[in-house]
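Quick one: the structure is below, and I'll ask about it shortly.
Every chain is named by a letter (A, B, C, D, E and F) in the order it is written, and numbering of its residues begins at 1.
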Amino acid sequence: MVEITDMLGNRSITRQDGRKVDELRPVRITRHFTDAPEGSVLIECGNTRVMCTATFTPTVPRWRKDSGLGWVTAEYAMLPRATKERTDRESVKGRIGGRTHEISRLIGRCLRGVVDMKALGENQIQIDCDVLQADGGTRTASVTGAFVALVDAMRWAEANRHIKSADQVVTDYVSAVSVGVINGTPMLDLPYVEDSQAMTDMNVAMTGHGAFIELQGTAEHRPFTRAELGVLLDLAEKGNKELQAAQRAALALD
Amino acid sequence: MVEITDMLGNRSITRQDGRKVDELRPVRITRHFTDAPEGSVLIECGNTRVMCTATFTPTVPRWRKDSGLGWVTAEYAMLPRATKERTDRESVKGRIGGRTHEISRLIGRCLRGVVDMKALGENQIQIDCDVLQADGGTRTASVTGAFVALVDAMRWAEANRHIKSADQVVTDYVSAVSVGVINGTPMLDLPYVEDSQAMTDMNVAMTGHGAFIELQGTAEHRPFTRAELGVLLDLAEKGNKELQAAQRAALALD
Amino acid sequence: MVEITDMLGNRSITRQDGRKVDELRPVRITRHFTDAPEGSVLIECGNTRVMCTATFTPTVPRWRKDSGLGWVTAEYAMLPRATKERTDRESVKGRIGGRTHEISRLIGRCLRGVVDMKALGENQIQIDCDVLQADGGTRTASVTGAFVALVDAMRWAEANRHIKSADQVVTDYVSAVSVGVINGTPMLDLPYVEDSQAMTDMNVAMTGHGAFIELQGTAEHRPFTRAELGVLLDLAEKGNKELQAAQRAALALD
Amino acid sequence: MVEITDMLGNRSITRQDGRKVDELRPVRITRHFTDAPEGSVLIECGNTRVMCTATFTPTVPRWRKDSGLGWVTAEYAMLPRATKERTDRESVKGRIGGRTHEISRLIGRCLRGVVDMKALGENQIQIDCDVLQADGGTRTASVTGAFVALVDAMRWAEANRHIKSADQVVTDYVSAVSVGVINGTPMLDLPYVEDSQAMTDMNVAMTGHGAFIELQGTAEHRPFTRAELGVLLDLAEKGNKELQAAQRAALALD
Amino acid sequence: MVEITDMLGNRSITRQDGRKVDELRPVRITRHFTDAPEGSVLIECGNTRVMCTATFTPTVPRWRKDSGLGWVTAEYAMLPRATKERTDRESVKGRIGGRTHEISRLIGRCLRGVVDMKALGENQIQIDCDVLQADGGTRTASVTGAFVALVDAMRWAEANRHIKSADQVVTDYVSAVSVGVINGTPMLDLPYVEDSQAMTDMNVAMTGHGAFIELQGTAEHRPFTRAELGVLLDLAEKGNKELQAAQRAALALD
Amino acid sequence: MVEITDMLGNRSITRQDGRKVDELRPVRITRHFTDAPEGSVLIECGNTRVMCTATFTPTVPRWRKDSGLGWVTAEYAMLPRATKERTDRESVKGRIGGRTHEISRLIGRCLRGVVDMKALGENQIQIDCDVLQADGGTRTASVTGAFVALVDAMRWAEANRHIKSADQVVTDYVSAVSVGVINGTPMLDLPYVEDSQAMTDMNVAMTGHGAFIELQGTAEHRPFTRAELGVLLDLAEKGNKELQAAQRAALALD
């Protein structure tokens, strides 16, 4: 346990952007960012900006027909100049890359983790997360923003009598945050500059009750120990609680 | 000429959104919309919102090497929920549709029409126009917004000594606007609701000197006469002058 | 108006191939070029040769079902050695290029502009324009030739009682021609050598009544003025009248 | 041997189109069919019409560089309405089908079989065979026509001093013909109506010296015996001799 | 006939792997290689190893519906390191190559040649041949192995009452073997080292009754005479008889 | 801690296949499974069978040139009938699915996690994992098997003097195993039948020193608590130790 205490000791370190190791970047959630979608949210985590929309369709994919159950799916993409260097469009390349696939699937699983498919009925929600500006943590910002868009779409569906109750469909909050070990120090919510130095990198999606929905830790550059894992999960828990407070505040408006 | 006068007489008609037949929708041009690109502009024409970025690369495509000349190219895309109904991503479909190709090429030609390739030198500008919200006129808004992003990228290139002078590269203003005949009445700057009723539909890109760079008139639903063409061009000229005033105002800020 | 007179004055200029500025290349329209299609036409405009077929199908695409309306669509392609340099097949590249898309769409719109979809009923016409040899103006030759193939297919459909009357379906003639400004001189019907020098380039599709169906002017290399536009349209009108005479003559044979 | 005699006895049978069992359809070979390619041939075998072009490039694919050897390759395609029913373009489908691949490869192998790659030097010939009208035997007509285009391209290359001698490069004639067993009767040169009834179907490419370059027999519908094979090869030999006479006659003109 | 005798005289030659010219490589057929498929066979011909599975589906492709007939289709692929040099996956390249297409079609035709589609009823068999290790003759090994998998799938279908009788569906044996001329000597069953030297190369699929189903001879490198063809077919007949003995032995086990 | 003890109490439960909750399926690792690759391994974990090959290339991808560093990459695929129902080939579909992408990337990261890129030098290892039979845990079996293939390839490279020392390149063992919560009971190494019931599912890749390289927990069906996480990690640790013992035993043979 000594080791962990040491790592907590690092909390006094100040980061390049002035934050403490366990401090989130400023979060801003703008609902009704565009008019057409049933849910439309712009989420800003520091300089990372993602537009998240939720599309409600009163039908399900063929393989789900006559099951009485709904479905939630997600697609993630980056605009070409979200990044320092322009990335070619996947539409132009004619194929979707592995990273895009991986993140789209992650977002879908996170949201499905808090949706009661029976209460949703044979309706589908399609989430689209398009990164306008990328400064680290785009996948976790997508999950956090998409959740708010999902709730808005469910409220719309309730108002339009497609579902009985938005609260029954969405069974809990879900948000996600990145944590990582930079030069031996565990830190919360990594911007690009830190992310690219991180030896260990973990994305943690948690519910409002503090349980895990997704845990993705990668340590290509240096394996991490179980003790380090413990500290990283503490940081993630703190971060997710704060993100959920931001979600709650945004959803309280109207 | 009688016919034309009649058509001008229609100017007293009020449209669904309260505008006169020769009135533009409100235009808003936000420069430096995102941080990474050399030029980044959000243009809003009524409810149509397009994010236009200009990427500067100090190199040209292979076929252009050793020519001493630069190149300007453009790509256009719609986010899935820019529209009332969600459109599938072209990256997911694995191919770019005809409409996307057509518009991307149009934007590229318009901008090349006001760029001195020699003054640009062996550098490339890649324009990306991504429609966040679509309410008619997305291709013309893209041209108008992309021009501002192009100028910003050229100023950046001048400041970074990639080119001698932005003013030498960009030889004139260019903007574009749609005009069309709705129920026999020529109108300026059509929103979606009018566009879908239009029997004739024309996109007109003009320079600051009032000359044409692109003229694309389509009359699938009812051919148009030369007299009607005259009125439509009058409207387009008026519209483009006002759009260029907006561009000028935006570029005057710093 | 002085400027225009000047431009008309240029009519005395002789071109590389000996034509006057307002003279079409020799046009030859061969009907029943192949046996299988309902309409099959070889059109030759100078050295440009396009095979145009019209396929009649007594059904419509899904989105058109139960509308009582028909549909006309078109596809354009070049054989690999239609051109001086061999162009790779789009089937081999696995994707259709922007130019092909753009032209296919143009042809479809032009023909739909003279078809009464109600009179056509729930039947579809698929136009295929395959360029055997390219010497400029392949897209306009395609429109002009495809119109004749379309009429033949309609006559076939009338004879086979799929439609009541070919004349009711095809409401007017349509043809197309290119015009352009070469070294300051407006000219009609540009072969490749002129087309590649043109500073302004316009494709004009007109009906038998002299109205416009498509107008596509591009001035990447030098914007054109409204006065120039007037002269170009005069030339296009003259050209289209002559092309329609050729269509009429071909269709009068049996 | 009795069995074979019987089969030869069938030579008195008259076919739907009036031919004898060992009679070719009328062959017509038109050289210089289009202007741009180094070799351009229209071959007509009955109602089957294929446009064959040969493109000369003074370079070889990367894998062949610095070998001192040339290369010959071929691509085959059908225009959409070459057939009774329209076939979708492979460019539109985004992929080349198995049949197209198979035939393209066959044509390439047949021509390479009579080309001396050393004499060709580091130059490439690309053969394009595009079927304008299909009535059976399109792949064999392609081989026969492509050979003539190849010779023309070699003569062009000799005249333009890319190669020393066309005769040294092309070491022999090559032509191909189909044979098959229809209702138990072996027949030469099958049109579509016979081809679709054939129980056995064989394509035979032979040199001017009567040796085989390709032999492709398929008997999905009824296996064939060695005796039948003998008769089919006799027919193919006769057919190929006559096709080579037609090639020789066409190449003798100038 | 002298020439043939000479060629037979070559039978005393010993090959690199110690075989006689008319000797097969050791064949091993392992049934029930994996558990899931209705038929699953590993065939080993020398160092060539192919996994062949047969999938039974109680339905047919759409174009075959209500015909009362079944269908058999096949797909062939190589694992990336089946070969000395790694070959890129066709899934990664996004397209299937010509060779793969050609072989898949060959396997399908061979098996359909011994299947009574009426007895099969409206059921489909999908054959998958995946090459684990390639040392020449992968396509012929695929045919030979796939036949055994097909019989196993038919026995399964009989046991599960999808068809009346496996014996009625599979009307005869089918196997395939390669033959070729190496340095003037005809040889049976070529491993990679011989195959790459072969001037003539032939794949011969034969039924249990000694008739041909497929005959594919290629002589890109040196045309072959009819006398040579005779010797090659003798070798192929001998090889196929022995392969069918191996199939019979494998199928006799249970 | 009480809760964990309870969960450990579940260890007395017997599973469908007779295993205890913390018991691995039988593991079999066959080296030199095929001849061509530098490393070729068949790994069997219960009924799951994966063929893993490692290809050594004395060069690196372009983006890695002149860095002095090597690269390791991986591709995963399933044969069509690895599963109960046949899955269409991704080569035929023309695109790689999200799941395939996700797993390929996971395998690559795991192996890179134990490779010293400097010691590898500018050489590349391409790992191919092809699932012959799938019964749960194919991705973890792939990691475990691929490690052995990687070591064999490094030994080959050392013997062939491409690298100095295999031991310097491969810095530690790595294996992976799945764990999950089935009906509230945490279990080790899930076969398909358990995997499909699992509410929580985690893949854990660990080094020989017991540190984590990848941790991927998904709880679409029921979020998991931190206490549950602890038990799952205990199980994974036990499983990975045993898998590494199997790797060690296999690598000790020669």
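Simple rule for what comes next: a residue touches a chain if its C-beta (ideal position, glycine included) is under 8 Å from a C-beta of that chain, and two chains touch if they have at least 3 such contacts.
Just so we're clear, the structure is a prediction, and the values are computed from it rather than from any experiment.
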| item | value |
| --- | --- |
| Neighbouring chains common to chain A and chain F, by label | none |
| Furthest chain, CA centroid comparison against chain F | C |
| Furthest chain, CA centroid comparison against chain D | A |
| Distance from chain F to chain D - Cα centre to Cα centre, in angstrom | 52 |
| Centroid distance [mean C-alpha coordinates] between chain E and chain B, Å | 60 |
| Centre-of-Cα separation between chain D and chain C, whole angstrom | 35 |
| Numbers and ranges of chain A residues touching at least 2 other chains | 94-96 |
| Chain F residues touching chain A - in the complex, by the definition given at the top | 95-99, 101-102, 104-105, 109, 112-113, 172, 202, 206-207, 209-221, 223-226, 229, 233 |
| Chain D contact footprint on chain C (complex, rising order) | 34-37, 40, 47, 49, 51, 53, 55, 57, 75, 77, 79-84, 86, 89-96, 100, 126, 128, 130, 132-134 |
